[in-house]
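Sharing a structure with you now.
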Amino acid sequence: MAAIQFTNVSKRYDSGQEALKSVDFTLESGEMAFLTGHSGAGKSTLLKLLTRVEQPSRGEVWVGDQNLSELSRSEIPHYRRTLGVVYQNHRLLEDRTVYQNIALPLRIAGFNEEDIGRRVRAALDRVGLLESEQKFPQALSSGEQQRIGIARAIVHKPRVLIADEPTGNLDPRLSLDIMNLFEQFNRIGTTVLIATHDVALIKRMRHRVLILDKGRLRHVQ
Amino acid sequence: MAAIQFTNVSKRYDSGQEALKSVDFTLESGEMAFLTGHSGAGKSTLLKLLTRVEQPSRGEVWVGDQNLSELSRSEIPHYRRTLGVVYQNHRLLEDRTVYQNIALPLRIAGFNEEDIGRRVRAALDRVGLLESEQKFPQALSSGEQQRIGIARAIVHKPRVLIADEPTGNLDPRLSLDIMNLFEQFNRIGTTVLIATHDVALIKRMRHRVLILDKGRLRHVQ
Amino acid sequence: MSSSETRTRGASDLSVSRWQRLKHWTVQHRLESADAVKRLLHNRLSTLVTMLLLAVVLAVPTFMYSLLGNLKQLTPGTDFEPQLALYLSTELKAEELDRFSRSLLLRDDLLSVELISSDVGANEFKSHSELGELMTLLDENPLPAVVLAITRDQDPATMKLLRESMAALPEVDVAELDVEWLERLEVIVGSFSSISFVLALLLSMTVLLVIANTIRTMISSRQEEIEVSLLIGATGAWVRRPFLYAGLLYGFFGALLSLLLVYFSLALVEAPLAELTELYIGRFDLQGPDLSLIMALLMGGTILGWIGAFIAVSRQMGQLHQGSD
Amino acid sequence: MSSSETRTRGASDLSVSRWQRLKHWTVQHRLESADAVKRLLHNRLSTLVTMLLLAVVLAVPTFMYSLLGNLKQLTPGTDFEPQLALYLSTELKAEELDRFSRSLLLRDDLLSVELISSDVGANEFKSHSELGELMTLLDENPLPAVVLAITRDQDPATMKLLRESMAALPEVDVAELDVEWLERLEVIVGSFSSISFVLALLLSMTVLLVIANTIRTMISSRQEEIEVSLLIGATGAWVRRPFLYAGLLYGFFGALLSLLLVYFSLALVEAPLAELTELYIGRFDLQGPDLSLIMALLMGGTILGWIGAFIAVSRQMGQLHQGSD
């Protein structure tokens, strides 16, 4: 079954900017792919369509068996809980500890405190920052913050993992570690889509690559 | 004359974290150098010492003929106006247009409106975003935002330019363009220090490289 | 690996039973309200200022209504019935007076008749009036005997007609009605209470605005948190709840504080007001807000708080749902 | 390339002349205050709420002081001097009365002496008292003649002694002093004005808190801007200035609005209060706050606004200077 399917999707912002033009592609369930392209090519826009932050001007976006355009407002939260999203600028809450940040998706989904503790620590362990549990994001280097952001995205074991330049702030070795982490998730069945500039990394990883060029999907390797 | 001089500088945060350990180096006036190292090595900390956001626990940091530890509180603003700083997460003001963002350093230094307009447009032209003058940062891709951040750092033609991973969000071609821009500034006499993970780029540029490893300056190429 | 079990749970709690959802909901509410209190306590200055403001704003109409209650003391209560006073000719003898008052008792347009002889009248006059002392100077009692009658028909127009017919009687020198004074006092109390009402309305609007504004700043200071939560899959209700709780708490505690303020101000005003009224009107006891006013204040405050928060949350959330990335 | 010229200028304006710096400073201030107004107008709801609150809070003591001014109307002004009233024996004839009052004129402990005959007294009584109508019922005038005397020595103790010696005179039946009434009224006014003072102090504190809190939220909503500005080389004063302006403007316009509120409430209260006072005390004109009160209010509000902003700015900036990255 297709996990993610774009059919003839275009996105034009209110400002008139055409960020995506007739994008067509399918990602099978359990597949892992990279999304790349020059700055301003429309990578973040494509991911925003997937998280239902933006809606396509034309075409349809399907995730699993759901047409995102047909989600009612009250269904959006439940849909979003099936995703894990890593943001470019990590979007951690400065006034909460690392633990509280990672616990947030679990709190929202209504897990009990005991479960939460176990899962948060497991996620922290995955990104190698178990000892930073009680620190605040400001006291971490940007690479460490990025890894906390990844821990938050995976803590509820989502079906689909989306990442917008997750390694932009990381050194090459750490980047590779993080990518390996994503691959591990992929191996247990999570569909993974990663937007990145890191061409060297993409080449090494040998997964499908979607290349955007001025809003058009030019090339699918 | 040395533009930047660190003598036996250590930095220990209140949390006990030792971010820098006995760092010694000198950057001559008009020189350009890269600062690299793993995530959490202390790159951002070193740059924060230069902007007088943090103070060293031991040792002295000199910029030009000023010992930064001896700056009085009222001298800090004037000192900071001699710097241009590009931040990792660009730190643009979301509620102001691109123009207003770039004009801010000039406003603070008390330029008149006419001067400001001329200089802002010159800076925007440099980063190739002249047409985005009236947009808000949110309506730009992250690469575009990063370039606006660079424009803001150079608009007042600072003596020293400091950048913390300025190309983390940029695609390889744009990264090269931006680095070339920094080089241009360097050629007209600006001292430039850039923290970056981008090993490929560093190799290509053939400038001095300072490598931090767990807070120690390991290697000066 | 427990991933398949958690996935269904984390992914959609649509599948859990209604009972579990209810339990989850109540637990959530308990946690949330505790959290709301914690946050209010954490941001102490701001909470204090808001509560103080609410207290001041709510205290003004409450104070007014309390004073109004006291003013109503001045108008005789429901057991008071307007009287007709007949000042009798001073030439009448005691027996004549007696006969006349008895004859009045037979009339069926009068409910009760009371004769006050001139001696009794003089004593009353002495004890009540400022000019009492003057009476002691007079050689003889100049006061006439008076008959106080309560009419069956209490409507002012009929009473005025009756007054005229009474005045025409030979034994009666002057006939007076005290309804006019009463009418005037009632007009006054009425206009004071409509002022208090207008004021209460205006100040309720202010309370609404204060709370809406406070919640608005709370929301905008937690904007990042809200945006991130929504992106992570929080429902609108989940995000709104702590703010609605906060509004409710602000309203309730603001009202409570305003009650303290009212008692405090009444205590301050009591002594001088008592002296003042004694000087002009005679003794009267200053009374605090009654139970129904207290209840109205507390419930009104709480409801206003909730509504204010609701308005703020709706406006801000609308913006967040559309514009953010 | 103009880089060398600009560099010195952008880098340090320590080198420019004092005259240029002054000019720059005034231009900056003009721009900043215009900017502050623009921001207040931009964030309309919040500005409105704050101003309304300030208005309500400032209006309470101003209203109290206005009423107090009106209350003082009741105590006779400085031109009033306490009088000694001598009720003369009703047995005295007109000539005797005249002689007696002349003899009083010769005493040097009395400043002035006025004889009021019983006829004049009866007329006054009729027109002033509620019981006036009764007078028409009396066969003969029961009122004694009265001498009103103003004493040279106005101190209550001496006056009381004088009253006693006067009461002992054979022509005098009763001697009365009106200082006691005056003393009581003065006590009342005094306690009301100390209440108003306490209230004004408390509410000034509230104003301070309101403005400090408003400016605090303003600052925290512009925290990123402040941090970035400081990093870019803004001085503390540059960052502080717009907030201080905002505080000042809040204070001033809040006070102005509270003045409107006071006039509005006085207008509302006027009619019923006039009726009420007429009923008990007699006519008196409700007066608005006088010029000195208005000035005190406006200046006080402005100064409080500035101080509140200053407190908030100092606290917040202290935090920013230390803790931020």
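Of note:
First chain written, first letter: the chains are A, B, C and D, and each begins at residue 1.
By definition in this document, a residue touches a chain if its C-beta (ideal position, glycine included) is under 8 Å from a C-beta of that chain, and two chains touch if they have at least 3 such contacts.
Since this is a predicted model, take the numbers as computed values, not measurements.
Under the touch definition stated at the top, chain C and chain D share no contacting partner at all. Distance between Cα centroids is largest for the pairing of chain D with A. Distance from the chain B centre to the chain C centre is 65 Å, each centre being the mean of its Cα atoms. For the pair chain A and chain B, the distance between C-alpha centroids works out to 29 Å. Per-chain CA centroids place chain B at a distance of 59 Å from chain D. Chain B has no residue in contact with two or more other chains. Residues of chain D in contact with two or more other chains: 325.
Taken chain by chain, the contacts form a single closed ring in which each chain touches exactly two others.
Chains touching one another, given as pairs, are A-B, A-C, B-D, C-D.
By the touch criterion stated above, chain C contacts chain A in their complex at residues 1, 3, 6-7, 9-14, 24, 28, 224-225, 227-236, 238, 321, 324-325.
Taken in their complex, chain B has these residues touching chain D: 48, 51, 53, 73-74, 77-83, 85, 91, 93-94, 104-106, 108-111, 119, 152, 156-159, 188-189.
Chain contact summary for the complex, chain C toward chain D: residues 45-46, 48-50, 52-53, 56-57, 60, 87, 90, 129, 131, 133-134, 136-140, 142-144, 173-174, 176, 181, 184-185, 187-188, 191-192, 195, 198-199, 203, 206, 209-210, 212-213, 216-217, 220-221, 265, 268-269, 271-272, 275-276, 279-281. Chain A contributes residues 13, 15, 17, 36-41, 44, 88-89, 135, 139-144, 165, 168-175, 197, 199-200 to its touches with chain B in the complex.
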